[in-house]
Amino acid sequence: MSSTRLDWEEMQTEREQVLQGWPTGNAVRLEEAVAYHRALPVGKRFPQAMRVAQAENLVLLQPRAGVPLIDEHIKLLKYLETEGEADVLPTTIDAYTRQNRYTEAARGIEMSLAERHALLNGFPAVNHGVDGCRKIVESVGRPLQVRHGTPDARLLAEITLAAGFTSFEGGAISYNIPYAKDVPLEKSIRDWRYVDRLAGFYEDQGAAINREPFGPLTGTLIPPCIGNAIGIIEGLLALQQGVKSLTLGYGQGGNLIQDLAAMHALREQAHEYFRAAGFVDFHLTLVFHQWMGGFPEDEAKAFAVIALGAAVAALAKAEKIIVKTPYEALGIPTKEANAQGLRATRQIVTMLQDQVVRTDHEAMRRESDLIKSEVKCLLDAVWQAGEGDWARGVVRAFADGLLDVPFAPSIYNRGRVLPMRDNEGFIRLFRSGALPFSAEIRDYHRERLEERARAERRPVGFQMVTDDIYAISKGRLKGRPR
Amino acid sequence: MTAGPPHCIVLGVIGADCHSVGNTILDAFFTDAGFKVVNLGVMVSQDEFIDAAIESDAKAILVSSLYGHGEIDCAGFRGRCIERGLGGVLLYVGGNLVVGRRPFAEVEAKFKAMGFDRVFPPGVDLDAAAALLRADIEEAAHARA
Amino acid sequence: MSSTRLDWEEMQTEREQVLQGWPTGNAVRLEEAVAYHRALPVGKRFPQAMRVAQAENLVLLQPRAGVPLIDEHIKLLKYLETEGEADVLPTTIDAYTRQNRYTEAARGIEMSLAERHALLNGFPAVNHGVDGCRKIVESVGRPLQVRHGTPDARLLAEITLAAGFTSFEGGAISYNIPYAKDVPLEKSIRDWRYVDRLAGFYEDQGAAINREPFGPLTGTLIPPCIGNAIGIIEGLLALQQGVKSLTLGYGQGGNLIQDLAAMHALREQAHEYFRAAGFVDFHLTLVFHQWMGGFPEDEAKAFAVIALGAAVAALAKAEKIIVKTPYEALGIPTKEANAQGLRATRQIVTMLQDQVVRTDHEAMRRESDLIKSEVKCLLDAVWQAGEGDWARGVVRAFADGLLDVPFAPSIYNRGRVLPMRDNEGFIRLFRSGALPFSAEIRDYHRERLEERARAERRPVGFQMVTDDIYAISKGRLKGRPR
Amino acid sequence: MTAGPPHCIVLGVIGADCHSVGNTILDAFFTDAGFKVVNLGVMVSQDEFIDAAIESDAKAILVSSLYGHGEIDCAGFRGRCIERGLGGVLLYVGGNLVVGRRPFAEVEAKFKAMGFDRVFPPGVDLDAAAALLRADIEEAAHARA
């Protein structure tokens, strides 16, 4: 387990085996695929879109969307492109494919055909194969990204990249710990090294691929330091395999200062770590996710949460924003609801387009410095645990609880960390488990929580965490005693 | 609150579903409410639910499905229980049970037809659900006695 | 024409005449009314609600709502109270009543009864009389305010205050210049002195009445200095007549910094001027109006505009917010759409409740200082024009264009001022007419507009104003070349 | 663009309506588009419109109503024009014509029944409206000639 660059030749045996994973694997032709990519019009290239966004100070809007049948999926994406005016498009993969359960995905396709409504929660790209996926690439006018949550995404990457997708979401930690129950990190790190190396190969051949670690993790009260540290590590792992276009993500927490500070810290620190590791030839951008935890059921309130996220993304100068819909709490959105989310977001980011809200005042600096020193504690510990190797460090750090994702389902995650909001809604640590923080940092978190306890006249306790989890879906930021 | 030892229930998220936050809450909630909770976490198969129920002599199985594949994952659950000699166990299911937004009455009918005793939308009041669960368990005990 | 306190005894002749204005005037019994007010439960008293808001750091939510028939109006308000969770309630008056055209209002009531849908755009309170209005006061559980736009609101005030309304919107300038075509300011100042004196009388008798000058004026690109200066003057005029509970208003402009700076400047400067004029015994609060200009027709986009306004109100620590609806561009909202606007707003203000965004950084201070010095230029000029009397000063200042409201319909408004957004969306002056600004202030505005012209590669010109008027309804803040 | 002197039109906001922003825009727009605009501003009565049209020999009267009382304020407008010998003048109306949100087709039918030649929703493209106006005026001139 180490994070040195994979040798492309040596990888070929593994590739053959991966492509056997489902009959559609046979159709992957790398040379043809590279040629296809190089012939793609500029407007369909994801890395290019991210460059333009950064250069022109734009926030690109991206929805989530995926349905089981190709024609329906194309209809959906075209609608989001025209009615929703999405800047870049997704293809969200169904949950069976994410677990490599292609037989069940096949059954989902059949049942969806038979019952005439979608029974899968996404697009089963592996089952549809290179040709099926390429139909999508040909039908839409915007860059396409695969959005999923797949611990072992090797076959998915082979097929979708061969089809002409120019961006691929995920990473060894962020698509394992929140998405899986019992996938060892050694395995997901190995499998994602493969994916990154494959992306790096396309890159080497002149077919640029954007890669995007999944910042929000479980989407639920993630302290910024945890998401940022993991994002930086996954960035390093990707760069090591030859990836050049990298988009790191952050999920809205809800406190304006903390969100702005976290975005600022992420950009600065990622650059620092990447440069310190010797990388120079990369293009880094940030994506902001509108609130990823439980949403209010009421549509008017959902619109409000969407708009607030859009405002923060615009002020934080994110290059991309992932847009939620007014149906979030209810189920996979209709195309209309999806476009509504996009239009509400567009209104906000356009209104705030040229506004600069100076964020270099004290509260902002304090929070941003705090996050950076927390991230440094975490990354120092991973580095030491790995004796200088990030991949090895990750495995050991998770085993020892030096990295720990709140609410994650994975048995390889200690699950000792519990976040909680302080009185102003900043996400703090109620239990920090074995996270390697200084006493100073620990004390600061504790003090802020005690301040809340005094304000609410109840002790700091697990009930507050529960209340905080429900809070936004019930119309507030901080949980209140029932 | 009833006297006697707490009722045992099995809890889990079915299929390939990874949504673990609601599961964390349900575990804490039903434990606080006086049940003995066997929590299988996420990504639980029908047989794992049944194994755990047999092993713990549970009165009820509480199935969550959030991610939309509930219709596929839950099909045949009651039949499988009967096959494995657990015909009488209470089956509860809750969450975002189908893909998209369909009228709850329709969803409820669908899952009741599959043999679930009670079906809950995501916004359910947990106190109410716990009260129902207790009543159902006790009624079943009476019926048996 | 002067602004000294009206003698109550002398006013009685005029009162008798006013009450003859429509048969319902006869039912006004002042003593009984005062007793009624004093017996109102605390929860129905507007001044009290504003005190609580300030003390507890709350933003109260208030919709606009009015339909022609009493029962329907009660149903509407109750719905907004329960489903919309409005904190304080309005009764919006129809446009015939606003022009004292009670015969036409009567026809509107009849036609609405006959056609079974509303043909009036508000509640004709004068026609319904004291008893009709009191039914409303008795049916709802929240404080009620009369919201209108009536240059001569004497009879309306007599009837609604007698009925138990505890707040009354408007003022001599703000309910004339934007709402009327040919009402001389001398007349509206006299008529509003009457209204303020009446409110002051109730106040003296222990029946507290809240008064709220209408801050947003024409709602369209109003430079903050103009709205703030007029608000301060109307506040002074009201205090002189014995009003004690005063709520000054500001309409969202769209640039975050400018909106926060304007709210901050308004609070500070109002206190300064009121104290300097010798008033000590008053309670001042601020109301923030969500965007008052043209709205987007698309509901998703309208929700976004609503949410952004809510966010600014919360950050500006307004005591009250006036809520728009997703139907704004389309027509008078249904009760459901009205409640949706409230719920979206509630979600935002609750999420931002305890968040403090420090606004004492440079950009904010610069803008706030600018607004204050502009307001000072305007108020100094009014004071001089009036030779020490505000009322006289207002009349002369408007005649000379020293006060001038953009886009106002009144012939007593010079209409030489044209606002325009600068490159960051701050509202600046394109043409400042005869506004008595220093060369420094004028130059600053001009420079900011030239900056925009360079960015857009087109000259500063009237087309930009037109584009700016449409901008928010077309999804942006600043207008762009078509 | 046509040759000859510009067509004269009368513009105003009817009734007790104070919405002056759209009126400012319409004045500037139709002037730019080559019409001679007699703008009566806000709060204009039917007779004031007709007086101005007679005085200026206008080909069309453009009525705005934003505040919702359009139905009441516009009733009998065509009849009044005929009474006053202006039967042939083009009557255009636009804005938020009724109280609330009613299907535009319904609103259009209602105002056409009142004798308006064209009815516009608030979101109308003004270029299109100007083109229609010019065409209608010229057609009417031909018909007369």
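By written order: A, B, C and D. Residues from 1 in each chain.
In this section, a contact is a pair of C-beta atoms (placed from the backbone, for glycine too) under 8 Å apart; a residue touches a chain by one contact, two chains touch by 3 or more.
Because the structure is a prediction, the values reported are computed rather than measured.
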Practice problem: Any chance you could name the chains that touch chain A and chain B both? | Solution: none
Exercise. Could you please state the distance in Å, as a whole number, between where the Cα atoms of chain B are centred and where those of chain D are centred?
Key: 66
Self-check item: CA centroid of chain A to CA centroid of chain C, Å
Solution: 45
Exercise. Compute the distance, rounded to whole Å, between the mean C-alpha positions of chain B and chain C.
Key: 55
Quiz item: Quick one: do these chains touch in a line, a ring, a star, all-to-all (complete), or other?
Solution: line
Quiz item: Of all possible chain pairs, which ones touch?
Solution: A-B, A-C, C-D
Quiz item: Which part of chain A faces chain B closely enough to touch in the complex?
Solution: 94-96, 98-99, 101, 104, 107-108, 111, 117-121, 149, 178-181, 218, 220, 293-294, 297, 327, 329-334, 407-409, 462, 466, 469
Practice problem: Note which residues of chain D are touching chain C in the complex, please. | Solution: 15-21, 23-25, 28, 41-43, 67-69, 71-72, 96, 98-102, 122-123
Quiz item: In their shared complex, at which residues does chain C touch chain A?
Solution: 254-257, 296, 298-301, 303-308, 310-311, 315, 326, 339-341, 343-348, 350-358, 360-364, 423-425, 472, 475-478
